[in-house]
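What follows is a set of structures to go through.
Each of the next two complexes has chain A plus one more chain, namely chain B in the first and chain C in the second.
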Partner chain A sequence: MDMKRDYYEDVQLLHGKTARFWFFLLLITLASLPFIIKGYYVYILSLMAVNVIVALGLNLLVGNTGQISLGHAGFVAIGAYTTAILMISFAVPFIPAMIAGGLIAAFFGFLLGLPALRLEGPYLAIATLAFGLAITTVIGRVGFFGGHMGLSVPAVRFESLGLTRDESVYYVAMITAVLLGIFARNFLKTRPGRAFQAVRDSDIAAAAMGVNVSYYKTLSFAVSAFYAGIAGGLWAILIGFINPGLFSFILSILYLATVVIGGLGTILGSVLGAVVVTFLSLQLENVQTIPGIGQLLEAFSKQFMTLSGLPNIVWVLTGLILILIVLFEPLGLYGIWSRIKTYWKTWPF
Partner chain B sequence: MPMLKVSHITKTFGGLKALDDLSFSVEKGEIYSVIGPNGAGKSTLFNCINSIYTPENGTISYKGEEITNLSSNGVASLGIARTFQNIELFSRLTTMENLMLGRHLHMKTGLLASASMWWRGSKAAQEEIKHREKVEEIIDILDLQAYRDKFVSQLPYGIQKMVELGRALCMEPDLLLLDEPAAGLNNEEREDLIFWIRDIRDEFGITVVMIEHNMQMVVDISDRILVINFGKKLAEGLPEEVINHQEVINAYLGQP
Partner chain C sequence: MTGQLIISGLTIGSIYAMLALAMSIIYKASEIPNFAQGDMGMISTYIAYMILVVHGWPFWMAFAGAMIFAVILGFLFEFLFIRRAKEPNILNLIIVTLGFQLFLYGMTGWRWGSDQRRLGMPFSETDTINVGGVVISHLGVATILTSIIIMVMLWFFLSRTKLGLAMKAVQQNPMAAEINGIPKDRILGISFAISSVIGAMAGMMIAPITTLDPNMMWDPLMKGFAAAVLGGMTSLPGAIIGGYLLGIIENLFGFYVSLEFKSVVAFLIIVLVLVFKPAGILGHHYVRKV
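The block that comes next holds the complex of A and B.
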């Protein structure tokens, strides 16, 4: 039995030997992975880390504060472009450029948070959707941002540490993801995160407790946008080339789907959701190459599921899997995880 | 100087006058009850004091300071706590976390301090520990030990009411507004509640303003009673005066 003897254990990051063991094992695994696997798979892991960061931020907003955003691709775009332009035009090193990208995205998040004080539910969804669309349109029109042609982003490589380009990006992305994950967890265990959740559950009672509801709603938007902005900067150096088309509103929807599938309001949910959705969206592109089934699915999607005549089987399957997960596990992947955990803890009863 | 002074407040919803030129004042250390038939404007009165609504006319002052146009959280920061008629707990948080929200105004941790909570000595961790000790006192008083790490949505109704009372007490208020604290409680729970409300006043020196329908309880613990009907003051005074007041009997039982 795991008894608490001290209030510190309520908020401690790793309480108990088991938790410490698994956490350090995870860190060692993450640190050594680039030496075991190579090339494309390192890229996939980096992409997962980037999406984990977006999901962590979005989940703070959607799952913990109870706001909604259909414009998060816009914040990712702001982060990506700020980082790229600071590196190209002002020769700023990557890390400060990425942090600047996060801060500028946070500023835009704060601005979007202001109208959000008066909007709720579907109305807020439309307002944020419009914001996401507006950002990419503006970027596409301004020559300084490379217009529709896009920008190529300088490579980041820590040669002094003997790392290749892929490995450098992997380590930066992974360390950032772990740090921001711990930050998010600390927020939720202490005063600011509790205030977010109070606003979500009952804004009237929150105000009666002295929580400044407007402040925490805008703060949540800003923090969420900061996470998205940081992820944008990392994504830019990961793919090496950015254009406005990358940050479409489909991407915003996919981010939202990520946190719903993972589990709203939980850190582990954000991580699981981002890993699974990233994996699915990459792997489902290969579905057409499966002998027999692939051609059948492709023909099916061409005939019944498309307006333009192009095969969109990837989206059809992604959508189907998402519907199934939400239907059978409303708490998301986190729900599955916690059920397995309870089963083992209480076994054989 | 009265603790709470309500002067000539009027609040209308469309054509309905929920509060109509209502005035009263509450002295420090009193248990002051507000009663009246359903729809008399009792909860509207609390919402006006709490700045959830702003009255069209009249002023509300607290310790001599006008609070009519403050924000809800501004009112809370002056030391006014409340509970709600339909329980307004933070349903997806635990009892402990709910009570810790009562400490929100006494704590300072911001985002940066929170993010840097990496070891026991960090500012955020120290603050969490200190305020959890304070919360534990309230948990002890209200006998909530068994529920401290349970999600409040899973607790029985009576316990949820106690958690809400505890959350208000964690704010260490000077004035406590209780909106139907005994509604839905069984006899035993109500006895406990009466005991605690007295204790809150006697031990902590908190002034209590209470809306309640249970007449036995109201007469038992109130120092003074205000009766309102259709937003107007019907009677005010000592319990025995009020319950024998002819207009009050008419309002409750109808005129013969």
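The block that comes next holds the complex of A and C.
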């Protein structure tokens, strides 16, 4: 039973011995995974960690503050390009470059947050959409950023620790993801975190209670953009090559889809959403190789569609899932998970 | 030179005006910005392409086919998805339109691949008319005329027919309209169908200028939104004025300031309008009551 006796019990990170046990087991598993699996799978896990970071940040903005952003790929692009350029042109080591990327993204988030003060719902969606498109256009046209050809990012490898390149990136990404996850969880229980939720539920009521709505809206944009910027830096070193085409409008929608599918306004939802969406999109890119369904879809494509366009099934399915989630399960995967949990907790009643 | 720039701005502006009009119709009726608008137009254009190029039937059949498809698509979208939303707040409805946009984008890519195709129109984009030193292509004339015809028809529909008046009533006060026996949901479906048709026409006019591929509508969609914001999202004449203005401003900017950053103008306009006059040129400022 969830009975809380004092405030500190409410704000602590882990409740009880069971939660602590599972949390440390998870950490140990994550730390030892690169020794068990190799190569491509380590890459997939790193990619999941990167997407978890973006989802955590976006969820703070969309799920907890109730502001929509269709331009998050723009923040990821800012982080990725800042990190890459600092590493290439100024020979800054990776970790400071990544943090600088996050801070610059946060600054842009603050700037975008300023017009957002006067905007609501649809207008905000349009302004952020335009922001995302404008960022990639500017990056694509300026030679300093490598133009349309893109930049290749130097490899990051901690040789002194005896790690390969994949493993180095994995550890950096996973540690960052865990730290930022814990930060997000704690942040939501502080004054700003509760102010975010007050703004989401009713900004007029929040203002009447003494919450500085404009301050917390811009703060939310900045924090969310910081997460995206950090993730951008990690993504850049993970894939080793960035160009403006990566950070398209579709990517922004995919990030929003991740958060919605996972569950709006929950940390667990961000993690679940990012893991599931990353896994799905990687699997569906090579849908032909999946036994059973693969051949069926191939035959169907040859008959009615085109075979070369089959990887587009990623978008078809993501779009459908997105609609179905909103129609039938507004809390997303987190909603399903919490229903299962309640069922077993109260069983047999 | 400026005259030439303004005329070509008007040509592209009439496309933006059509898209802005399509968005305003839905926005007025339901307060949803329809992000699937662009791709609904795109897939209708592909239908026209199939009829015209693959089956080799005459142009008017392709046009009619695309329009019928657009009506069905728009109505079905509202009927299947928008109407069924469990908690219809703005955020959820925006997500539904985005999901539908992804779905259509994927379906188009799956069916036709991502190759760039050409939609042959009966109007040539190279033959030109010269009016007092200002040159305009046949396609440009056709585009401007199409947009004007749509506007006149829409004006006639909204102010002179029973269905149009019912639509206006639902936009102004949904509850009062329902009490008076107007089926609100069906009217919303019809609004979606009309806006889908206008979007499809815009798509067919853009396709010969750029190329026909699944990504073709992203840029025009954003411009359409910018035009709608500029004119005021809740005003149909505003959307038209916004569209033409955006086309002209963009062209002048491209010539006198920087061609490279021409497509960033729309973003600047959105931000400036929203900061200084959020209601747009003709819109009414919307004050929310608690």
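Rule of thumb we're sticking to: the second predicted complex is superposed on the first by the 312 of 349 C-alpha atoms of A that agree within 3 Å, B and C clash if a C-alpha of one lies under 4 Å from a C-alpha of the other, contacts with A are read in each partner's own complex, and residues count from 1 in each chain.
Definition applied: a contact is a pair of C-beta atoms (placed from the backbone, for glycine too) under 8 Å apart; a residue touches a chain by one contact, two chains touch by 3 or more.
All figures in this text were calculated on a predicted structure; none of them were measured in a lab.
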First (chain B), second (chain C), both or neither touched by A:V326: second
Contacts of A:F187 with chain B and chain C, given as first, second, both or neither: first
First (chain B), second (chain C), both or neither touched by A:L219: first
Partner chain(s) touched by A:T164 [first = chain B, second = chain C, both, neither]: neither
Chain B versus chain C as contact partner of A:F249, first or second or both or neither: second
First (chain B), second (chain C), both or neither touched by A:S338: neither
Chain C versus chain B, contacts on chain A by residue: C
Touching partner for A:S152 - first (chain B), second (chain C), both, neither: neither
Touched partner set for A:S281, first chain B, second chain C, both or neither: neither
First, second, both or neither for A:I204, with chain B first and chain C second: both
Touching both chain C and chain B, counted on chain A across the two superposed complexes: 202, 204-205
Chain A to chain B touching residues, read off their complex: 6-8, 10-13, 183, 186-187, 189-195, 197-198, 200-202, 204-213, 219, 223, 265
Residues of chain A touching chain C in the complex: 62, 66, 68, 70, 115, 118-123, 125-127, 129-131, 133-134, 137-138, 141, 202, 204-205, 249-250, 253, 256-257, 260, 301, 304-306, 308-310, 312-323, 326-328, 330
Interfacial residue positions of chain B with respect to chain A in the complex: 50, 52, 71-73, 76-77, 81-82, 84, 88-93, 96-97, 100-102, 104-105, 107-111, 113-118, 120, 124-125, 127-129, 132-133, 167, 171
Contact set on chain C toward chain A in their complex: 27, 31-33, 35, 81, 84-87, 90-92, 94-96, 98-114, 218-219, 222, 225-226, 229, 233, 260-261, 263-264, 266-267, 270-271, 274-275, 278, 288, 290
